[in-house]
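Below, chain A partners chain B and then partners chain C, in two separate complexes.
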Partner chain A sequence: MTSTTSTTPLSGTGRHRTRTAPAGRTSRRRIRKDLLRSRIAAWSAVLVIGAFGMLPVYWLLATALSSPEQTFQFPPKLVPTDITFDNFTALAENEQLISYLVNSLIVASITAVLSVVVATYMGYSFSKFRYRGRRSLMHLVLASQMFPQALLLVTLYAVFSSFGLLNTYTALVLSFTTFTMPLCVWMLKGIFDTIPDALLEAASIDGASRWRTLHSVVAPLAAPGMIAAGLFAFVRGWNDFIFAVTLADKEKQTLPPGLVSTYIGEFQTAWPELMAASLVVSVPVVIAFMFLQRYLVGGMTAGSVKS
Partner chain B sequence: MTTSGISRRGALRMFGIGALGVAGAGVLGACAPSGASSSSNGGDTKSKDFDFTSWSLNEEAAKPAIEKIIKAWEKAEGSRIRAVSYPYNEYLSQLTLKLGGGETTGAVHLDIAWLAAVAQMGKLADLSAVALKGGYTNVALDSGMYDGKQYGLPWNTGSIGVIANSKLLAKAGIKKHPTTIEEFEDALRELKGLGGGIVPYAAATKVAQLKDIFPWMQTFGCTLLEGNKVTIGDDASVDAVTWYKKLHDEKLIAADVDRFDARALFGQGKAAFYDDAIIGKGVTAAQSKDKTLADAMQPMKRPVLRAGDKPQALLWGGVIAIVKGKGQDAATQFALHATSDRATTTQYFTERALPPSTTAGLSDPKVAEDTFTTQWTEKITDTATGSPFWQYAQNAQIEEAVAKQVQAVLVGKEKPKDAMRKAAEEVTDLIKR
Partner chain C sequence: MSTAAPPHKAAPPRTAPARRGRLGGRLSNGAFALLLTAPGLALFATIIIYPLVSALFTGFFKQDLRLPGREFVGLENFAHWLDGDFLTILEQTMVFTVGATIVPFVIGFALALALNSGLKGSGFLRGLFLFPWVIPGVVISFLWMWIFNANYGVLNGILMKAGIIEESVSWLGQPGTAMLAVIITKTWASFPWMMVMLLAGLQTVPKELHEAAAMDGAGAVRRFFAVTWPQVRGVASIVLLLEFIWNFQHFDTIYVLTGGGPAGATETFATAVYQTAFKGFDIGRATALGGLWMLLLLLLVVVYIRITERKGDAR
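The block that comes next holds the complex of A and B.
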């Protein structure tokens, strides 16, 4: 901040007296006011955007706690008055939903691990090795993201059907990996790019093999990015509906199609139960984010700026 | 160190690879299922075990009743039925994919609106000879026919029509159901006069259910389709949409209403008329706080343009079709039993309030004593017809194309004549595909 004091000569004495000018005080006050105003504006914006973002979550909770009669009340009430926990207790008694939840956990976890493992090797290869066709391969990986999902689905369905893989966890994991892996590869490539080659050369001089260098030197440094990529793959696998509903039968189906099958019918949608179930099943993802969010931000942005 | 950025050349290369990939995937997709699809038309047709695919097997309200039928059959015949289900909104696309891939065998439950699209795949058995043994009503048989062949045995035959709230009508001093458009409009104005935020007619105004406009277009004299010629856009259809817009502007119908909203409004006594299938009585009454509402619900003939005209209604219901191949014979007998055995259909009616499709089933005392069902059959289903667009696999897109134009009229973005001309063009394009 710039000084607002001024130095003026005292008449006849030749001495100088330093004093704060009234204009300076006004200026300081104005700055403080401006600062306060901008803070209030910033907080207001944060609150408004936060409220906007949280409204669906609030509505989810409010509906989950409402009776069916209140849910269909017209015009709808913003705050439920007829609160009930029946929708949550009904959920706990539904064994089929527990089975969908277990399937989701298995499939999304394996998808995340598989995506990260494969993407680590591919990303490392793309980043640190030079070979013919490398750039084309990199673009091929990314180009697979351009396929319309419906086209991929039909093709995968046909292939899995031929190999007898339909209605298996393998089909779900492999299909989810088709859309999680390309972005994981590019994300990790960007992170490996930021690791100086000199570090790899130093490891090599110390006698480490390429394998050892990747696992003992590079991987620990890229860990936040790998966790972020894994989280991304987990969430994509957790949320997928269309692949899961098409490639798996009831025994192997995951939560999104399971919830739709259970609560959305031809004539009616059991909104309160559906909302209660949605709230409960989002808990694992929320927990995962709570523990890993510090890696997520670092991992997503790593590689975006080069040193 | 390499850069992870994408150059123009790189982007072009990527598009090239993408295009090749798409083409390759298409080839792969075209080739791969051939091996699997053989199972659809092959397999042991005499097998006692088969699949039964139905969206209702997911639904709490329907599942126990259907499982009872399945278990009884398995016990009596010593066979095993594998129950398969997909959510209703995904059902047609999933069934189409799995039928094409040879994964679906046995009996399949179909909405009558989907029958044509599925029959066109050439995987369904012709049940014409079997249907003669069922004692089905003519309207029910028609609902399972496509291209002159009986592809579906009718399970439940009903219609989508107008339901009235007799308590509200009485409150507004309306002593009998309006029979003409003019009387209907007068009744709506009387009801509006009651105040209290009443929506006299909770008509569909959201795209999702705006297909409800079709019976009104037919009421005004539009045939929708003649041969392959789309007649939407003629004076009758324009008159119908203009009339709908008038109701909207006078607040006799409300904006942003779909079937769920209509049921909610009707259930709270804030709507006097709305369109629904026969099952709407149970669904709407169940979500209403007013436990006497069910008694006040009455099926009503859709008002006609001129006295003496035939009231319009859309046929609605489900059929069971049989996939050629494994378990075909046993699945056919199961379908015949489920749809026409008197005791089975009566029990199913008792549990689900879905009307049987046979003459004997309809005359069973348990069905005949249900006034709402018998009145519905006489007043609405009797003159109901299927949509001429059901024969096209693009039926859903056709309905949406018209619905969007009607909505554009309601919100004032389009004039009825222009909107219907555009709708006709879009539907004609869709039909040609």
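The block that comes next holds the complex of A and C.
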């Protein structure tokens, strides 16, 4: 529709003129009215949904910057007058939170690396080879996104417990990797699909082994996609709640469950501090996402939606 | 990444060409390809397949999560649920799942249509609207917990100022509104994702089709059903199905916001299984309910694979 939204929509292209000629002015006027109406509808949708989408984000910011006195008054002040950064400085002084943050960084980073390595091999195999059982494996990977985590956790807890792995980074990394892998595999398969087979043939003619072809020819070409997959895995690991809250105790716990145990009190929650902490937790994800957006949207539409 | 198949895929070679080098050099191409999938499969086997299979058996035993050893009790654990709360939990899970799928779909679709109609700055708006979807799930739960707060919450504040309610409502604290609050929160978290997917689908609709239909005198509604809908139906059905499957097993938002309460009003399969195992330590009963839940989920997954398959996706 972009072509019809210019300021003089009725100047028309040649094709339009010939097509509308018999209908004359009535039809043109109708189309103009139609266009105006759809513009109004579009803007109202954007405004209403925009309010729903953005006001909570505004409130997150406003609360994080408010003093406790201002936060606990009712009805709330929609525009905070008493702005303070105390809630953020309080975070920096909370050693327990810092240790959660370090755990999050460690676990999410290892998850990202492991996911990419495993998914690269698997995605390459799915993309460039044709063999029996390939489709079933691909379906298994796809379907594994849909196994209920709450159920898996129950027996996974027992498994990790019997191996003495509860409350270790290993348990968190292994469980995170499994649910980050499916999308990583599909993203990377999509990227390998775009690398021409002729390139692999050339490498083989030059005497490169299959491993060498993968590591020295294909991997560098796929590097941007591998970084995107890694960022995605990092974000999933960073955001996870259910596995982290169950498989790790205080020493190894990551930020999301850490925030619950720190701030959600029996009687009174420290809302301004919790909102400040929430902002801090969201920042790495938002930054990662800015880099990722293009790949993620592309990966999602290629991996699961193809029409 | 485009929707069209890359040209070289038109006639894929049976195997990638490769000279037999050192490492894995004596392997056939098929064996080499399987070797590449081995690390991933090993992970799947230990972290997904084994726990799942083991869960299916555990349902027939009486077992405490904290203690080793178990006692075979046959169908007792299943009977416990089927004679008890199963239908309530199923009903509540369905209310949550349907609500948290349909509402964000309608919102996401409306927004996708608006952004696709050539608004100025729609690229920027798309990025902005993605924000709720990007921030961590736990943060989303905290934020809405605060918004819904009975004593100081901004929602009560605004509704009272507007004269819609007389006194503060305990949104999360009473059975009548808790489910609604949970659905609103989940809607906020997922409408951006649906918007992106549907927008991607809408952008494949040729503009000429719309123009031609308009020239032929079709109104906006008519054009939507005659031109737009047939083109995005595929994307829409997958988006709806995926979201349905995810919501059917959703845990975080409900657990943090209400913990399944008040008085079990937001109890779903996910929270019930979790609470039975980790608060009640009864893993026999937890996995029995999990088994029933999996049966229902399996049907959905089969439908999903059928649909992706038909799209020629799993080449």
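Quick note on the criterion: the second predicted complex is superposed on the first by the 228 of 307 C-alpha atoms of A that agree within 3 Å, B and C clash if a C-alpha of one lies under 4 Å from a C-alpha of the other, contacts with A are read in each partner's own complex, and residues count from 1 in each chain.
In the analysis below, contacts are C-beta pairs under 8 Å (C-beta built on N, C-alpha and C of every residue); 3 or more make two chains touch, one makes a residue touch a chain.
What you see is a predicted model; the values in this text were computed from it and never measured.
Contact with chain B, but none with chain C, is seen for A:K250 once the two complexes are overlaid on the shared chain.
Of the two partner chains placed by superposition, chain B and chain C are both touched by A:L140. Using the contact criterion defined above for the overlaid structures, shared-chain residue A:T178 touches chain C, although it does not reach chain B.
Of the two partner chains, chain B is the only one that A:E69 touches; chain C does not reach it. Contacts of A:I98 after superposition on the shared chain: neither chain B nor chain C is touched.
In the superposed model, A:L36 makes contact with neither chain B nor chain C. When both complexes are overlaid on chain A, the residue A:L166 reaches chain B alone and has no touch with chain C. Of the two partner chains placed around the shared chain by superposition, chain C is the only one that A:V46 touches, whereas chain B remains out of contact.
Residue contacts after overlaying the shared chain place A:T262 against chain B, while chain C stays out of touching range.
Counting residues of chain A touched by each partner, chain B versus chain C, the larger count belongs to C.
When the two complexes are laid over each other on chain A, chain A has residues 72-74, 126, 135, 139-140, 142-144, 146-147, 151-152, 154-155, 157-159, 190, 193, 197, 246, 257, 260, 264, 269, 306 in contact with both chain B and chain C.
Residue ranges of chain B in contact with chain A, taken from their complex: 1-4, 6, 10, 13-15, 17-18, 21-22, 25-26, 28-29, 31-33, 35-36, 55-56, 58-62, 84-90, 94, 97, 101-103, 260-261, 263-265, 267-268, 270, 277, 279-280, 283, 287-289.
Contact residues of chain A toward chain B in the complex are 68-69, 72-74, 126-127, 135-136, 139-140, 142-144, 146-147, 151-152, 154-155, 157-159, 161-162, 166, 186, 189-190, 193, 197, 245-246, 249-250, 257, 260-262, 264-270, 303, 306.
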